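Quick one: the structure is below, and I'll ask about it shortly.
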Amino acid sequence: MINKIVPSMADAVAGVKDGMTILLGGFGSVGQPNHLVQGVIDLGVKDLVVVANNAGGGQAGLALMMELGRVRKIICTFPRSANSTIFEELYRAGKIELEIVPQGTMAERIRAAGAGIGGFYTATGVGTKMAEGKEVREIDGRMMVLEKALHAEVALVEAWEADRWGNLTFRKSGRNFNPIMATAAALTIVQAQHIVELGDIPPEHVMTPGIFVDRVVHVPYGDPAF
Amino acid sequence: MINKIVPSMADAVAGVKDGMTILLGGFGSVGQPNHLVQGVIDLGVKDLVVVANNAGGGQAGLALMMELGRVRKIICTFPRSANSTIFEELYRAGKIELEIVPQGTMAERIRAAGAGIGGFYTATGVGTKMAEGKEVREIDGRMMVLEKALHAEVALVEAWEADRWGNLTFRKSGRNFNPIMATAAALTIVQAQHIVELGDIPPEHVMTPGIFVDRVVHVPYGDPAF
Amino acid sequence: MDAVTDAKPWNRLQMAERLAVDVPEGWYVNLGIGMPTTVADYVPLEREVVFHSENGVLGMGPKPADADRDPWLINAGKQHVTMRPGGSYVHHADSFAMIRGGHLDLCVLGAFEVAENGDIANWATSENDSAPAVGGAMDLAAGAKRLWVIMDHMTKDGRSKLVRKCDYPLTAPGAVKRVYTNYGVFDVTPDGFTVIDLAPGVTRDMVQAKTDAPLTFKV
Amino acid sequence: MDAVTDAKPWNRLQMAERLAVDVPEGWYVNLGIGMPTTVADYVPLEREVVFHSENGVLGMGPKPADADRDPWLINAGKQHVTMRPGGSYVHHADSFAMIRGGHLDLCVLGAFEVAENGDIANWATSENDSAPAVGGAMDLAAGAKRLWVIMDHMTKDGRSKLVRKCDYPLTAPGAVKRVYTNYGVFDVTPDGFTVIDLAPGVTRDMVQAKTDAPLTFKV
């Protein structure tokens, strides 16, 4: 019997190691797998590269992981945060590296990694700093820049429902980066609000098929904070 | 009030012209927008380029369109059909052009067109006839071939449910190429089995958001033929 | 009264209201964070405009009352929003496929500078040593069918934001089609900025005096 | 009896049965059209293997009785299939993302030829003047974590299909990891074909005599 549901957070995050690249789902306060981030913090691993839309909000999750000095580099679209200054302090002090990526390019680079695409040409960023040092060519009359797939060792994902095959659904704007990140990592770990029976999610309504998921841990934490 | 539902087949296919490239959804007998194809046949247009997985099955739809001499070129993955010889006869007689594309590359080229990607690198086809004359380069240790986005003037799509904003669902394996083709054409026309009220499709379960759809015509034809 | 004291430049809400007049029913529209977001308040619900947010929300409705906020439903500005009947959720790659694939009829952004050739700079200022934040601005600027900018006409220290050439790092070259400011509405044309509307009492001389780039007038 | 009359090469069903033994629970598997499809009949339902079909079907179950066929549910071979609890539907780009992104543990294809370096030719024969049909074979061959081939050991006119170098147009270079034929099971290694199993009574000499490429033996 396939059973991707693991009994503890320690089982969920086992194998995450120093220096790994981690895709971290969530946008704003919604769809953040903060309990998995805490699990990785508790492992004590360091020199991590974290790919996330924001460089940590609030005091928990990624913000705490950075504050503890575990993150070597952030790849994100919008490092500023209204309710956290941890990243900016570390960045000004030269204690953390930053790679800024346009949000659509970041999403597409992650999707590319999951879909076996090595790189792609996009008009986003052409004629800006984002294209410096990158190949630019004209395709169908438009200048486009080559962007590469963004792979990772680990993806941390928050889902609404999960079954033992790892099929997932997401709630409203909690979907965001979670489904594409689930496809792009060697090890995809999910914290799910609800564990459901196999077959409870209608096959037309599965948002992330289990093929992309390695482990699921039940974290019924409730609603995101306002 | 946004209302993409048109009252007649003539309204649905208005504006399809000689020489256009048409994306045609469907895989096997399932999800084939055959009534829309008949509508285009009835317009009398010719010199069409048709992009479809198969080069027509049975005697209706694309097979009939080809038999009537309306199709200049087929772009497909698998021209052979167990229940139709129309394409092969035309092809052997030199009366139709053929571009064969690996199925995943065809799907990805269509998606790229819809997503603003000019081209992408894939390992599929490297070292085969499919890569001849195309740029091949090594990315992350793997040889990959550059494939270009596949745009079209028109997409013909079959859906299960549609609302007046053009939101769609698809039934089981009727999904296939339909959602990606809906994104990749200047004019996307849908034949839908069921017209539903706005809001009847839960926002989490919309499979093709209405932004990709221009016109919907109600065609409650029932089940695909066995 | 002379012409100057007669002039009533638009305030930020009036600018948003003026822009909203130009958004027809049926358009798919992304409104950037800040002033652009307020445009939605001036599009009546019965004029069906479909608002998109980068984080995978299509078909946003009005801001909820505090008591009705759904903790699972935010926009790209991290504000709580509502969903209209006919809305849909998608993941980030599909959301940016809408943007980058040219499916949005309109994107409205704020800006630091807009140049007469349509260049826009809205994500980083050269003086700023803190971490720059680009978000989805470059994708929106390069991808939408139309990019309109809504911004104060002048900086706080009195410099024109409609410029001959951008000083700040570009968000996208040649992308802007139209600019809404306190003084009027400016189309970006092959000949530079063309004024197509002026706020009440604002004269041609007045707006040209406040603007770095040369203006032509259709009003 | 001599060795030759003692030999019981596998028939096609036995080859599928033999291959099925090597598919462990939990694998995601795509079975090509034709002989590969029959492998599923030899994987018991209680050994949970998740079968994928290119047309966006993940989690296929057994073939339905004729009366129970669902007209909306077919596989890539256009045969009617069933869906298991835990299955899901996706569109074609997402389906091929599973294939091309390396998410399938195994793909099983038929072939015209397999070369000792793992090259596979299974989509076009040079003599064939009719329209060639590639379908998803190139994606599957290049994308799956493992490509296994199941095929008759010889052509109908008695030529070996395990060859030193493919004559027919390639589907993918260096992709095949293992081959199942009537005579045995052949791993593709840096040193060429290594026999890891033989059908009952088949000898080393017999299989080498039927095979164009040189064999090494681990059985």
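Each chain gets a letter, A, B, C and D, in the order it is written, and its residues are counted from 1.
Throughout what follows, a residue touches a chain if its C-beta (ideal position, glycine included) is under 8 Å from a C-beta of that chain, and two chains touch if they have at least 3 such contacts.
Owing to the predicted nature of the structure, the values given are computational and were not obtained by experimental measurement.
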Intersection of the contact lists for subunit A and subunit D: B
Required steps from subunit B to subunit D (each step between touching chains, minimum): 1
Pair with more cross-chain C-beta pairs in contact, given B-C and A-C: A-C
Centre-of-Cα separation between subunit C and subunit B, whole angstrom: 35
Subunit A and subunit C: spacing of chain centres that average the CA atoms, whole Å: 29
Inter-centroid spacing, subunit B versus subunit A (mean Cα positions, whole Å): 33
Centre-to-centre distance between subunit D and subunit C (centres being mean Cα positions), rounded to whole Å: 56
Subunit D, residues touching no fewer than two other chains: 83, 89-90, 93, 96, 99-100, 143
Residue list for subunit A, restricted to those that touch at least two other chains: 108, 111, 115-117, 122-124, 170-172, 203-204, 207
Pairwise touch network: line, ring, star, complete, or other: other
Chain pairs in mutual contact under the definition given at the outset: A-B, A-C, A-D, B-C, B-D
Footprint of subunit D on subunit A - complex, ascending: 1-2, 111, 113-117, 163-165, 167, 183, 198-199, 201, 203-204, 206, 209-212
Residue ranges of subunit A touching subunit C (in the complex, touch as defined): 27-30, 55, 77-80, 82, 87-88, 91-92, 98, 100-105, 107-108, 110-111, 122-130, 170-180, 207, 223-226
Residue ranges of subunit C in contact with subunit B within the complex: 25-26, 28, 46, 48, 50, 52, 58-59, 83, 85-90, 93, 96-104, 143
Subunit B partner contacts - residues on subunit A that touch it in the complex: 108, 112, 115-124, 139-140, 142, 144, 148-149, 151, 169-172, 203-205, 207
Interfacial residue positions of subunit D with respect to subunit B in the complex: 53-57, 69-76, 78, 80, 83, 89-93, 95-96, 99-100, 124, 129-139, 142-143, 169-174
